[in-house]
Amino acid sequence: MFRRILIANRGEIALRVIRTAREMGIDTVAVYSEFDRKALHVRMAHRAVALGGNTPRESYLDMDKVIAAAKSSGSEAIHPGYGFLSENAVFAERVMQAGLKWIGPPPAAIRAMGDKITSRRHMRTAKVPVVPGLVDPVDDAKAAREAAREIGYPIALKAAAGGGGKGIRVVHAEKEMEGAFRTASGEALSSFGDGRLYMERYLDSPRHIEIQVLFDEHGNGVSLGERECSIQRRHQKLIEECPSVAITPQVRARMGEIAVQAGRAIGYQNAGTVEFLWSQGEFFFLEMNTRLQVEHPVTEMVYGLDLVREQIEIAAGKRLDAGMGKLQPRGWAIEVRINAEDPFNGFVPSTGTIRNLRAPGGPGVRLDAALYRGMEVGLNYDPMLAKLIVWAENRPMAIQRMIRALQELNVGGVRTSAPAALIVLEDQRFQRGEFDTHFLVGLDLSQPREGEDVIVAAAAGLFRHLAARRRALSSDNLARKAWSDRARSRTTSYPTPGSRGGTR
Amino acid sequence: MFRRILIANRGEIALRVIRTAREMGIDTVAVYSEFDRKALHVRMAHRAVALGGNTPRESYLDMDKVIAAAKSSGSEAIHPGYGFLSENAVFAERVMQAGLKWIGPPPAAIRAMGDKITSRRHMRTAKVPVVPGLVDPVDDAKAAREAAREIGYPIALKAAAGGGGKGIRVVHAEKEMEGAFRTASGEALSSFGDGRLYMERYLDSPRHIEIQVLFDEHGNGVSLGERECSIQRRHQKLIEECPSVAITPQVRARMGEIAVQAGRAIGYQNAGTVEFLWSQGEFFFLEMNTRLQVEHPVTEMVYGLDLVREQIEIAAGKRLDAGMGKLQPRGWAIEVRINAEDPFNGFVPSTGTIRNLRAPGGPGVRLDAALYRGMEVGLNYDPMLAKLIVWAENRPMAIQRMIRALQELNVGGVRTSAPAALIVLEDQRFQRGEFDTHFLVGLDLSQPREGEDVIVAAAAGLFRHLAARRRALSSDNLARKAWSDRARSRTTSYPTPGSRGGTR
Amino acid sequence: MKYFVTVNGRTHEVQVRERLGELTVEVNGKPLDIAYEEVDNLGQVAVRCEGKSFGLSIEGDDHRLGAVIAGHLYAVEIEDERERAAHAAERTASKGGGMIKSIMPGVVVKLLAQVGQAVEKGQPLLILEAMKMQNEIVAPSDGTVQAIHVKERDAVGSGAKLLTLKGN
Amino acid sequence: MKYFVTVNGRTHEVQVRERLGELTVEVNGKPLDIAYEEVDNLGQVAVRCEGKSFGLSIEGDDHRLGAVIAGHLYAVEIEDERERAAHAAERTASKGGGMIKSIMPGVVVKLLAQVGQAVEKGQPLLILEAMKMQNEIVAPSDGTVQAIHVKERDAVGSGAKLLTLKGN
């Protein structure tokens, strides 16, 4: 087993990997941008190497810096988390060339699945069902309009090199194509340096169902059930479940087989996720995420394993445990993503400083976060602050438990997606399992919460009144100044000059 | 099902019950002493009724006040938690006489097990093995000395009416009997109003193993595996596990049968715990706790159920689910109690205000606590602040996970038992499963932690230096005064006069 | 002191009186039996009212705040009597005209209109990128672009002025 | 400024120098390359030193504090040069005599000795009840009870004076 690994990521996923590595007795090395120098993933790692800079490009996306950090810290392997360099085949190759183990799939497998057009070709060859659409990407709106006439509306436009919902637009009619193509292509160009889009049929009442797979280096592969990820907006998931109400044991077995078949076709190793669109009993290959998935915890809770541990052990050459393929699901797990955004204002990003934190607890509640009081939430990084996950004996109990946990949670200082998740979970249609990928977009979030308006009004009045009263107590300017100076100085950092040259 | 229940308790167990009740759609009513008026169990309940007073006797132990609160709030049942009135048969009777449901066993069953001497008589009749010792309590040290000659040293002195480790002393030789009897009897008198003690043989290398049982009102009873609670000090448990390394499937089945037999013999209903002393393959009935046990979460995590939900459903007349007796254990769970005490100073109580809180998170970690920033930890109540529980696939992984979780935890403002638990978990003997109930007492906690002394020294110097620097910034007395006034006023409460008459 | 507190679009008159160090509260003219206790200096408040208990998390400033009860957010605006009068006057004065502000922090990726250009309701005026998502900012009504307050590549904060539109 | 910092019974000399707003640290005469950054005003500190990273939780006052690293508590005492000199003088002066202080807050349940009484090492002097547990406070050495500073039913804080014992 590795003695030391570097985690080439930040936020909750960096901490997630650090946690498992600590439990395995592996020394952990964090990397960090200037912005993240007090971050929890840095404090919880055994070692930390500064990458400098504040943007992703200056830090977590800089391959040279990350590999140099791994070498200088004596790391033996790199875990990329998700996002950033996790699905970058060039990076994976460079890691290996540097004599380090890559805790992820082979570069060829990343490439085979990295480009959506290539991946669809691979899947067609491997007899994996794919969604009707064009195999080749289109370059401009005019070509898109022509192709759309053959495939038929509604059409999904997707970045050829994309992922994570960026550069995706659904076009319902020809007149929308021009504008949709422009923004989608622009996003794709800005995010991936490739403005080409590919097109496919947009399925009716589709569910997003994905299968977790694991492959070792010795030819063994298993599937670990499905995740239901249909509660999403602009292809950004908000709520995920394991298992799915839509999937029978027979369909689960069939999807699992096909997912393993898909992985085998491209020589997959390590953990991966095969995403399907499920529509009226049929399912179609969508894409494969060649990395750990954000929503992996729901699988962990239902199947009773630690996927990050499996990843590390596979990378270290271990065979998959013989019992792995026989693991039985128990109960139901749900995850809610806590994003820094304002769901009542079109989910626009929310920024600020985390003033207060109250973590939910009690039975069946797991919180994966790297939050801390005093943390600044800016625009440089992904808006996901935390993942709240619950497990219970069955779906109705899991829903009620998640509602209870969300009621306990408090993230002060920014607006979050939590109230929107609460509204979904309380919705009767969601509770009955009647939803598809359009559910969240169709939800009316403008309906004001009723009931406690008078209490809130009175409390707000008292809050302001008492705040004013306290200000009156600091009777003159001098006192006020001393107060604010002091408050400011209380969290100032005093780096010593020597440290500049070192690991900062 | 009940529409509204009152929870006659405080702290983490009140919150524990509130959590499950909320998930069941039941309205929750908290009660609180003056000291607890801002407590988390009050804020998380739907309703709250003031009991007044600050000591347990003035509040949570006052039967009249608690029953009046239940009636005035329209509650249909009372959950007593553990401690306080939970094992008080008179209270259970009075609850029922008031037309309320008692979420606990019948008063007769509480009585049968409440007095240890009576309970041993019952168990002998029911053919449940008991520890060698006297059946009748002794009144003074002289009688104790005489009886001890027959039973043989070492001897355990226990309060006839006791529980929770109060009024218990182990006497190794005759000369210690006088002093031990005095303090044990004094504690028993002060805690339970009954200074009588009973005596039994103190077993060699004993393990404390207990069996969780559930009985419904319809004659069905099941056992849900064992808990290992040998890591204790003065009969106060520090670390608990489910299952136990000492127990084979055969012994588990046999202990489960005997525990159910013990419950049946006294007409038990609801959740209960039968405690055994296990010594060299033999096991003896110790006592039955006729309530929810502090360490119930480890059973919940391994067997995948919610014991508080079962309690409420049983009280509402529901039959035990047919699958309940067939639940299979999965993996391993460990609980650590986070007490406000200083383990490096003889575990003396520690008091203060909770200044900072960092809850551990990630896979397999559960925190049951009612902690909040600003909470005062005094001497009026139990020193247990929180319970940290982990689950993992097997015991070595669970131990490593608990170590990791304890490393993440921070409870600022008081000293806690957490570092002692960490030392136990890191101990090779504990990891090999070689321990008994004397393990913790025999542990040398004086050994200083090595390794990071220089870092700590430097950080402490910088901490003081920067604090002094900040003080210098508030340049004169006036400014200092305004600061402290303001800091003080920021958390002052402003009750409105009308509220005095109401629920406060 | 009287406050006008708007919760979910409805304005409540909250009268707070202080006498001998104790506070009484009236909402919309009716006395409210409320216990309000701040737990810490981070907005955690224990509130009890008519037998019910609430753990509120309040944050914001004198004029706008958010109160969270059991996970649900109530957005609140507060004015005192003086502010209410001033705001009313302001609203009367600024009738017509249209300032388009950014509803999120982001970067202006592309301007799609010029000063003097006539635009239709719904027409894209500029593209704002935030969190790597590109968002079209569209004209809220027909009109003419009177001024553009940003240029391409500008980073703008939430509430920043983007364009001024002159209604037809 | 020089501090004498005692960690686990060993005293380290920590020299903190401030120059142009930056701090340098020497421990026992050797420069230490340490980055020390306070995360919040509640004692959370990010420390990096020689490639290693630490999340410290520090709390206490100028003279005694606790630092927690990865769950393990380091108890620390700090003196500056002036305090160190003063304390050294004090220690020399107070040789002999024995003040027995309470090591925990609690209630005096019973006094088991009287002023003037000769007691043996290990003999119970009083019973202190804390958290409902009764604890015997015993004589640390043979001697005579010179003074009793509490009476039965007194609530005492941690560090409160209980009895003065005069050594033989």
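Order as written gives the chain letters A, B, C and D; numbering starts at 1 within each chain.
Going forward, contacts are C-beta pairs under 8 Å (C-beta built on N, C-alpha and C of every residue); 3 or more make two chains touch, one makes a residue touch a chain.
Please read these numbers as outputs of a predicted model, since none were measured by experiment.
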>> Tell me the fewest steps from subunit B to subunit C, where a step is a jump to a chain it touches.
In response: 1
>> Treating subunit B as absent and keeping all other coordinates fixed, how do the remaining chains group by touch?
In response: one piece
> Farthest chain from subunit A, comparing Cα centres?
Replying inline: D
> Distance-wise, how many Å sit between the C-alpha centres of subunit B and subunit D, to the nearest whole number?
Replying inline: 30
> Taking each chain's centre as the mean of its CA atoms, how far is subunit A from subunit D in angstrom?
Replying inline: 47
> Measuring from the mean C-alpha position of subunit A to the mean C-alpha position of subunit C, what distance in angstrom results?
Replying inline: 30
> At what distance in angstrom does the C-alpha mean of subunit D lie from that of subunit C?
Replying inline: 52
>> Among all residues of subunit C, which ones touch two or more of the remaining chains?
In response: 23, 25, 32, 34, 36, 38, 42, 44, 52, 54
>> I need the residues of subunit B touching at least two other chains; which ones are they?
In response: 44, 358, 372, 403, 407-408, 462, 466, 490, 494
> Where on subunit C is subunit B touching in the complex?
Replying inline: 22-25, 31-42, 44, 46, 48, 50-55
> subunit B touches which residues of subunit A in the complex?
Replying inline: 15-16, 19-20, 22-25, 44, 297, 300, 304-306, 308, 330-331, 358-359, 361-369, 372, 392-393, 397, 400-401, 403-404, 407-408, 462, 466, 469-470, 473-476, 478-483, 485-486, 489-490, 494
> In the complex of these two chains, what residues of subunit B are touching subunit C?
Replying inline: 30, 37-38, 40, 42-49, 73, 372-374, 487, 490-499, 501-504
> What does subunit D use to touch subunit B in their complex?
Replying inline: 1, 3, 5, 7-10, 12, 14, 16, 23, 25, 27-28, 32, 34, 36, 38, 42-45, 47, 49, 52, 54, 56-59, 62, 65-76, 78, 103-106, 109-110, 124, 127, 129-134, 136, 158
> subunit C touches which residues of subunit A in the complex?
Replying inline: 165-166, 179, 183, 186-187, 190-191, 234, 344-346, 348-349, 351, 355-356, 358, 379, 382-383, 403, 406-410, 412-413, 415, 418-419, 422, 448-450, 452-468
